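Shared between the two complexes below is chain A, which pairs with chain B and chain C, respectively.
On to the complex of A and B.
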């Protein structure tokens, strides 16, 4: 068996870091390009794309694109809308999907396996195929608000939140996690006279930190980064538009590339902050689900 | 006492005015210009002027990003949530009228007699939409290039023939001074393709669809003229005269300005910016490929939604917006061609002797609207794909035959689109 000498070990380590550094650079380049480009006027930005200058803050660098982007679109409003929709959906999703999963795993009731199968089967249905029927549905649904009964959910926050609260993947994650929890704990709590609600609140949920983080991260990324088609068809007023629809403000006859990059940089900040705060949970969640974030 | 009288009179006047304001019926309007500050200011000014000019109607405007506007309108139509006034891209209008999204305008047609033909949205014999501007395409060139290559300057009366056009490209390529002889803007694979390139096909004698019946593309797109056009189109790329579909947006945006391209096929909306960078730029008419020189026509227009309960109010607003001062304001603001000659005289660029006056003449003389049929929304996409495929080396006859089959299948599926 060949021995690895300390010298070879060092070389191996260096080459490993070189490869990892290269891979990291490949993933970082788009972000660096976006941030650097947001500081350049369009003509320079376009001219630099054919060289390494595209990744360097050189030449006529300024924050002008950021000021212009704020003039072009109500960025603060769009970001606030997206954050509000994302946070509300994530919280409601975790509560409702975990309760549903709890019921599927621990409660005995007729048809639960069939219903769970039906819910999981919806994983294979692309949203685009149900977008139009869902649009017709929400445009006619009633709502009891402070001003009394009204019909139709269009141009509201609720139409961007409620249809996204429950999804098969989140239910599935909770079901799988709950199935692996020791049954003895639940049985002991029940033997002590705890209600099912108490078991859910005081036994199961305190043990579910990892799956809560996974479900929250996946849902948050989906709600913040991928909400385009749905708000496009259910929201016609500017006051309720999320960030992804706001992208269109920068695609004029001449695309405002610099402003677009400034906008993208700005709307990436909440995601980057979210990532920095939950870095460990991110890695654990992606490793545990095999889902690319 | 006098002061009391004045106060009482003021109170009465203000009460009456607010009463009038309260009596105004609300109209909603959707516009495609979100993110375009200049356009937004002008349209908002028209809305404000209209709202204060009369006491019957009050227009409330909502702007959408252009890239997603059509999808929003179609979704709203499905949900029964259309506004009173919509704006619509000219070639899309027949589809929206046929689909029941729009109703004919109730405006005095004598007021649009002098409008450019491409600004009138007529479907099934009725006026459904009207535009405050039109757009035109021209061949951008430099005077110095024409002189250097020894080329005749084409005019509206005597445009270049196909042979002269190809000779110009050959000479530009042979000079070695340019990366490409011609930029066609191939990176923009949207409505630009049928708008900018189908006039070449029509100039060859073909078309996207047979306009005599609108029931087939057979013979129009894949007949002898269509095949000749396809061979010519493909040769532009195989001979290396023009960059293909992989052209970068950067090249398209700056290539002519920095001298990489000898000629550029481009719209009037880029003319002002180009003039600022290129001192001796000239805008040449389309070449005559054998069946007359042609360019595309038809831009954004105003119409009334079918579901509007106040088509009279909506039409009143549109008629109000057709004043020359507003046509001129849009033209000065965004560089497009005003719909009337009188408005053109009020603009900086399109008045007699103005730097872009040639575009008004081009629009008047060479413009041909895209096929006026509800099926155009599909035909434009099929045509776009075929043009890209040909540029990428696909067999000409097979590609055009496949395009014809796809267009015909769609027409059949929709029972002829009411033609």
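On to the complex of A and C.
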């Protein structure tokens, strides 16, 4: 085998980092362009695309686009709606899906396998294909509110939350995780007379940190990032709109590119911050969906 | 094995029911509605009562036929050619609108090819649907190897022991956490025909020799552009799945390979790849499912255009069901899509079954 001289080794190391860096540029450049452009007036923004200045905060740089964007659309309201919808759905989802998965894995009851198979089969139904029938359904559903009985769920928060609570993937993640927990713990707790609810709360949940993080992260990303078609068709009033639908405000007549970039940056910053802080949990959560194969 | 400790019908149902009811109400029930609507002429708002129409929605979407056009001839029996020497044929509509051929009624030309002196013309009842179908298939066929292979390349790249490698892993994963709507809007800028970043970069690399292309406005490049962007966006996701597969391969196998003096390709071929089999199946299935649901990119970037070159099944299902208020038409597309995905997942399951 050929000996690698120290000099060659250094060169090899540099070339490795060069490759890694180039690939990193490929994955980052649109985001850098977005953030940098949000600081520039439209004319300069468009002119800069012909050079590397497109990726540098140079020239007439200011926060004017952000102020203008806030004037154009009730961004605070939209952001609040998105966060409210996301947080509520995530909490309800991990509770209801984990309770169901708990039942599928640890309890034995008639119909268990059939029900689980039906749930998992819905994995192959893309949401968009049932969006219109679902629209017809929710427009006629009853709701018992503080003001008594009312019909129709359009233009509400609940129409953006309740249909999204349970999905096959979340149930599947919990089922896979629970299968690997030591069964003896559960049986021991039962033998000591603990109720099923107590087993769930005191034995299983304290051991479920990783899967709870996974389910919560995946659901949060879906709710915050991908709520686009659904709110577009079920929410017409501004008060309940989420952040993605607000994009329409920036496409009236002339596109205000700088303001649009500011808005896109504002949409992305909460997730990016969240990702930056919880980076390891994010990546671990995706990895854990794959370990089983 | 039913033990007294775990057997409990009451608690079992009580725990599973809230989740199941929600899933039933908001996924399964609308799905059966779609099934039912596909057999009717349901519209969002209609003065006429809804009628049961059997399978006619399916016939209207799937009807395809081949016509043979003979060249036009002059009195001497010579084939008539135009100024460029191309053979001239009778118009397709002389057949599709001819009361003598009721089987071709309402069909339009989809594509044609030359066969000797004759032209063969494929006519379809719903050309837009057929384009959506073939585009979706094309999208799936290209993005599965592109995204899966690219992600594996990234995973191998990131699976080395270097200082700061985790930072690179985090960077490659970043587009995954950004909304596809945001990403699509940004890439409209990149693909723009005038001020687009891609054109400017290519022009700079070729010292101005590159002719600017309107990537999304050109029927030859629009779908390809969307494929590349979609692959780019989710590659980090599948990189992480590949990585977790790579890390299950025992280090001792690599040590043995190194002692045996195997090349890096041999190591990959005989150590790494066999160890990734289960991961490959998962990546394949996930990308396929995501690819069939292609919608947001189309809606934001092209609206199915130019000339229907980026129509997809889901985009058509939404456009008809909601945009044109033709619920039965949209639902029929949804049901067809469901059967395609079901078929593919059964085939994949069969091909990747555990061999014992």
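In the analysis below, the second predicted complex is superposed on the first by the 276 of 293 C-alpha atoms of A that agree within 3 Å, B and C clash if a C-alpha of one lies under 4 Å from a C-alpha of the other, contacts with A are read in each partner's own complex, and residues count from 1 in each chain.
Note that a contact is a pair of C-beta atoms (placed from the backbone, for glycine too) under 8 Å apart; a residue touches a chain by one contact, two chains touch by 3 or more.
All of these numbers come straight from a predicted model, not from anything done at the bench.
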On chain A, do chain B and chain C fit together or clash when superposed?
clash
A:139 in the overlay: touching chain B, chain C, both, or neither? Say first, second, both or neither.
first
For A:248, using the defined touch cut-off, is the partner it touches chain B, chain C, both, or neither? Pick first, second, both or neither.
first
Partner chain in contact with A:87 - chain B first, chain C second, else both or neither
neither
Per the contact definition in the header, classify A:154: touching chain B only (first), chain C only (second), both, or neither.
first
Tell me which partner touches more residues of chain A in the superposed arrangement, chain B or chain C.
C
Does chain B (first) or chain C (second) touch A:237, or do both, or does neither?
first
On the A-aligned overlay, A:120 touches which partner chain: chain B = first, chain C = second, or both, or neither?
neither
Quick one: classify A:71 as touching chain B (first), chain C (second), both or neither.
first
If you stack the two complexes on chain A, which partner ends up touching A:281: first (chain B), second (chain C), both, or neither?
neither
May I ask you to decide whether A:50 touches chain B, chain C, both, or neither, giving the answer as first, second, both or neither?
both
In the combined picture, which part of chain C sits where chain B already is, 170-178, 188-196 or 260-268?
188-196
Could you tell me which stretches of chain A are touched by chain B in one complex and by chain C in the other?
46, 49-50, 132, 135-136, 233, 247
Residues of chain A touching chain C in their complex?
1, 13, 16-17, 19-20, 23-24, 26-31, 33-34, 46, 49-51, 54, 96-97, 99-100, 102-104, 106-112, 115, 118-119, 122-137, 162-168, 171, 186-187, 190-191, 196, 200, 221, 224-226, 228-229, 233, 244, 247, 260, 264, 267-268, 271-272, 274-275, 279, 282-283, 286-293
Touching chain A in the complex, chain B uses residues 30, 34-37, 62-68, 71-72, 75-76, 78-81, 248-250, 253-254, 267, 269-270, 273
Residues of chain A touching chain B in their complex?
42-43, 46-47, 49-50, 71-73, 132, 135-136, 139, 152, 154, 232-234, 236-238, 245-255, 257
Going by the contact rule set out above, which residues of chain C touch chain A in the complex?
2-3, 5-9, 11-16, 18-20, 22-23, 25-31, 33-34, 37, 44, 154, 157, 160, 162, 165, 168-183, 185-187, 189-190, 195-197, 200, 232, 236-237, 240-245, 248, 261, 277-279, 281-283, 289, 292-293, 295-296, 299, 314, 317-318, 321-322, 327, 330-331, 333-334, 337-338, 341-342, 345
